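Down below are the structures I want you to see.
Shared between the two complexes below is chain A, which has chain B as its partner in the first and chain C in the second.
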Partner chain A sequence: MQAIFKREFLSYFRNPTGYVAIALFSFISGVFFIMQVSQGQVEIASEVTSLRSFFIVIVPIVTMGLFSEDRKRGTDVIYYANPITMFDVVMGKFLAAMSLFFIMFINVFIHMIATKILGGKVGVGSWGTVIVFFFLAALFVAIGCLASAITDSQIISAIVCFVFILIIQLISTLSSLLNTAVTTLLTKMNVGSEQASSIGSALENGINWLDPFTKTKDFRYGSFSVAPLIFCISMAIFFLYLTYRLLEKKRWSQS
Partner chain B sequence: MNNTKNNKIKDKRAFNLKLLSIGSVIILLVIILASNILFDKLLGKPLTFDFSMFGRYSITQKTQEVIDKIPEGTTVRIVGLYDVPDNLENSVLEYTKPLLDAYDAYGGDRLTVEYIDPKTYPSIISQLDPSGANDLKENVYVVKYGDNLKVINPKKDCFNFDSQAAMYGYEILTANLVEYTFTNAVNNLLTGFTKHAYFITGLQEDNSTQIKAVLSSMGCDSKDLPVSDDLTIPEDCDILFLNGINTDIPERLQTQLVSYIEGGGNVIIAVNYYANTTEPYEKLNTALDKINIKIDSYVIQENNADYVLGSNNFQYLVDVADDFKDFSSKDQLYSGFARPVRTTDSAVSYVSTYPVLTTSDKASAVVLTDDGQLDLVNEGQYNVGMFATFNEGDVRPQVYVFGTTDLTSDDFISNYSFSHQNVEFIRSCFRNMLNIAAADEVDVPAVAIEDFSIDSERAASSSVTVMALIFVAVIPLALIIVATVVYTRRKHL
Partner chain C sequence: MIEIDNLVKHYGPKKAVNGISFTVNDDEILGFLGPNGAGKTTTMNIITGYLSSTSGTVKVNGHDILEEPELAKKDIGYLPEQPPLYLDMTVLEYLNFMCDLKKVKKQDRKRMLAEIMAMVKITDVADRLIGNLSKGYKQRVGIAQALIGNPKILILDEPTVGLDPSQVLEIRKLVKSLAKNHSVIISSHILSEIQAVCDRVVIINNGKVAAIDTISDLSKRLSGSSKLLMTIRGIGKDAAGRIGVIPGVNEVKIRRSDGDIHELEISISNEAKSDLRETIFFTMAQAGFPMLEFRSCDPTLEEVFLSITG
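Let's look at the complex of A and B:
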């Protein structure tokens, strides 16, 4: 796993991908930080929360080449031919992508230091959002791994990852629309309006339960809960397992 | 024959592998979802930790005690007439909902918190308020116990705002009163309002919203009493308030006030110099003459630098007199643009007066002359507040007269909130007048609002420009240049 991790991590800096991702992250986080400084109030939690919206752009950039590039070049045969498990391959690449996220995040740590120098506060909520950031990053990078494993085209992989993350970011909006649609439909079917609303709301709440953003929103206020973190990690494990199964399938089909 | 057999074996093996793959994925997904649901239900709340500044998502011991007082078999319902937004950020519910979740978690069957949107469930209005007396509308909270209910505006009732910023159209929170408001509402519904305060209106007085909230938290209901030709102070009046009146009282009120005091009533009078510099309050002073107190038409200027607040000699600290030291945790209160309050020259023998708040002995009274100049009168110690009562007979009225409104005005309480020593002091005055034991009172502290301001001197525009240049331009551009170099060098490899 260590060898895979090292190879994958260094590959980010042997081509422009890593630099572009870090540059993009630096620029976006810098804009958020400077906007707050110019207003005389700096809340790092607000900056990190805003940065989460850019997972949709950054995660596909970071993960699109993880497996698809190997398949395209045919270098994936190395994994099948060597005495390493697919688990090591998946985890090595996943950890390499997460490490790149950590390097990107150094920008925010610099902003925290700048905030302290400017006489501002870095509250508990800020650290809460940092924790959540990495757990959400783990979930989305795992999704990116899966997207990269299903195709040998980096572009398709990026699009699939983008769509996945977009759906997750829009879960609450989609569930709300579904609630309205179901309630309207049931009302037209002569179900009592309050009963129809109850069914619609239950459906909405059920779908919203899957929204990692809603689950982790209280961290920014300093209310830390273990359950949302377990949710993110377990879902990340699920997507990594899917990736592992896909690679295993290919290994067997190769043999 | 052998080929067919081999193919069959391969097909079977492929099928088994596919089955294993799909089966294991489904089983893992089911395990993950089930364990998350279980974890959420069983350990979600116990494994949630409030590290927030000032513990704003945790209920205090006081609130727990109030909830514990709810009799078994009865329920206090807190109903938010809301369509709760998915994103609470920048909404009033940002502070309210998470804290009320803590009430709900602690309350069990005795206290429940629900959110019901009246647009979706119109019947909730009639369910909560069958008589329609409270004219319930959406976007408020209703606290209901038995047949009684209290309506709470989640913005106006649950926060203090900076009054100066409000004048310019900005809303800057100065204190979070969510727990204070809800716990007191629950407590008041449990105990019932037994005391009544009346506020004289119609004398260009300041608003008294904040002081009414303080009274409400002590189980004392507040009502307005407009001045009129047939004004009568009600029988059930436990405290009569003349808060921040800017014109003199009419003759009818003068006579009513005298008879109310002579009948043993409790009165709090607060005026200042700032709002009306020319008003001598002749009729009010005539009434106060019966208890040996007079409000002067000067403004007090503090000349002792240790007492002055900021650079303004008219805003300063005042000492709490020895007899009232236990009214506040601090020995000095804030005062601004105060009129002197003193004993009258013709003292009535059965009246005892006591200084309550005093300036330093270097203060002076200042008179604004007709040509707008300030004229210093006498240097010495002045009273900013006095107390009077009768020292004989069964009737013992309690009258507090303050030459400042810094203990009772909306402006002051909004800016400094309910935990300030001035509010603490006036609460003690109420407690004495209403005969409330301190232990019976629910004194939930107001919570300060996090301040993320940066030092404006350190964040001067030049340093912000340098930072903007570094964070937004230099670092990203440097990385893009490196990316270009890497790409150019390695594109042929």
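Let's look at the complex of A and C:
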């Protein structure tokens, strides 16, 4: 796993990918920080929470080539024909992408130090958003890994990852729309309006249960709980497992 | 040693490999021949664990490739048709990465890499990016990665593709020298290459083994007899008659005549107890037929290949 991790991590800096991701993240976080400084009130929790909306751009950039590029160039044979397991490969690549996120995040740590130096406050809520940031990053990077293992095209992989993250970001809006649609449909089908509305709400609540953003929103206010973090990690493991199965399946491919 | 038993691989309704069985002995170079789409690369991919077979087994030094993959793969060095190279790494970085994957001990690494790079002649490009190397050098780096960890078995899929003639000769020499302590499976479209380096050949066609033998035995089996070609000066029919009565000679044909110079084709039965060339030479000498040319004329590997694969 160590060998794969080392190669993947360093490869981010052998081509523009790593630099582009770091530059983009630093620029966006810098803009948020400067805006707050200019208003005379810095809140790191607000900066980190806003940065989460840019997962949709940064995660596809970081993960799109993880597996697809190997398949395209025929270097995936290295992983199948050498004495290593596919688990090592998936974990090595996943941890390399996560490490890049850590490097990107150093910029936010610098903002925290600057805030302290300027006499501001970095409260528990700020640390809460930092913890959530990394757990959400793990979940989205795992989704990116799966998207990259599906195809040998980096572009398609990036689009799949983008759409997936977009759906998760809009999950509460989508579930509310679905609630309205289902309730209206059931009412038109002569189901009692109370019953229709309860089915619609149940559907909305069920889908909302999958929303990692809602689950972790209290961390910002210093209210920590383990369940949302376990949820993010479980989902990340689920997507990494799917990636692993997909890569193993290639060996048995009949097409 | 590799034991391949009844290997089958389905691609949808098509059987790419259909019941292939053969054994590769220790310190032997085995040529792997077949027309395009015959199942060569699929078979090689299954042997190395890149693909899984639908049924059948591959055992590498007694370890099943599916049941004990790590032990089996440790003994295999594989150069696929397209060398698996990371173009953004330098040669040395890449080979070190392969050492990590093959779990080469840190203390042995420097010496092993120096030896391998000297052997395939890439020492002078060790610090260059692989993406900037010529095709020939890339191929050599591909061979170098297959040699890392000193695997007992080397599987080389078209190792000389894209190389210039002098590089081809070098690689052939290298493969021959490797066979002193490795088993080598080499696939190639260049039949003269197989003829030059291999001890035995496996010819596959439509996913099945069409023939396994040494090249000379294949030639003999194909023709049912060995042939000699002789050019003499004199009366052709008389010479043919004298040779035809020698025990062990099946048939003598006059292939070409140019004035009193005749080219005779002599078929010799495989049951002939001794080498008849001396007897034929003295027969002609005693009869006063000057011999202008005398050579054996077994079918070439090309002819064997074409005849078997149709």
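We adopt the following convention: the second predicted complex is superposed on the first by the 251 of 255 C-alpha atoms of A that agree within 3 Å, B and C clash if a C-alpha of one lies under 4 Å from a C-alpha of the other, contacts with A are read in each partner's own complex, and residues count from 1 in each chain.
The rule we apply is simple: a residue touches a chain if its C-beta (ideal position, glycine included) is under 8 Å from a C-beta of that chain, and two chains touch if they have at least 3 such contacts.
This structure is a prediction, so every number in the text was calculated from the model and none was measured.
Of the two partner chains placed around the shared chain by superposition, chain C is the only one that A:84 touches, whereas chain B remains out of contact.
After overlaying the two complexes on the shared chain, residue contacts for A:7 are found with chain C alone; chain B is out of touch. Greater residue coverage of chain A by touch, when chain B is weighed against chain C, goes to B. When both complexes are overlaid on chain A, the residue A:74 reaches chain C alone and has no touch with chain B. In the superposed model, A:252 lies in contact with both chain B and chain C. In the superposed model, A:15 makes contact with both chain B and chain C. In the superposition on chain A, A:40 makes contact with chain B only, not with chain C. When the two complexes are laid over each other on chain A, chain A has residues 14-15, 252 in contact with both chain B and chain C. Residues of chain A that touch chain C in their complex: 2-3, 6-7, 11, 14-15, 73-78, 80-85, 251-255. Within the complex formed with chain A, the residues of chain C that make contact are 10-12, 48-52, 54, 69-71, 73-74, 76, 78, 80, 82, 84-89, 97-98, 100-103. Those residues of chain B lying in contact with chain A across their complex are 17, 21, 24-25, 28-29, 32, 35-36, 39-40, 43-44, 47-53, 56-57, 86-89, 94, 98, 120-121, 123, 450-456, 458-459, 464, 467-468, 471-472, 475-477, 479-480, 482-484, 486-487, 490.
By the touch criterion given at the top, residues 13-16, 19-20, 22-24, 26-27, 29-31, 33-34, 37-38, 40-43, 49, 107, 110-111, 114-115, 117-121, 123-125, 128, 172-173, 176, 193-194, 197, 201, 208, 214, 217-218, 221-227, 230-231, 234-235, 237-238, 241-242, 245, 248-249, 252 of chain A touch chain B in their complex.
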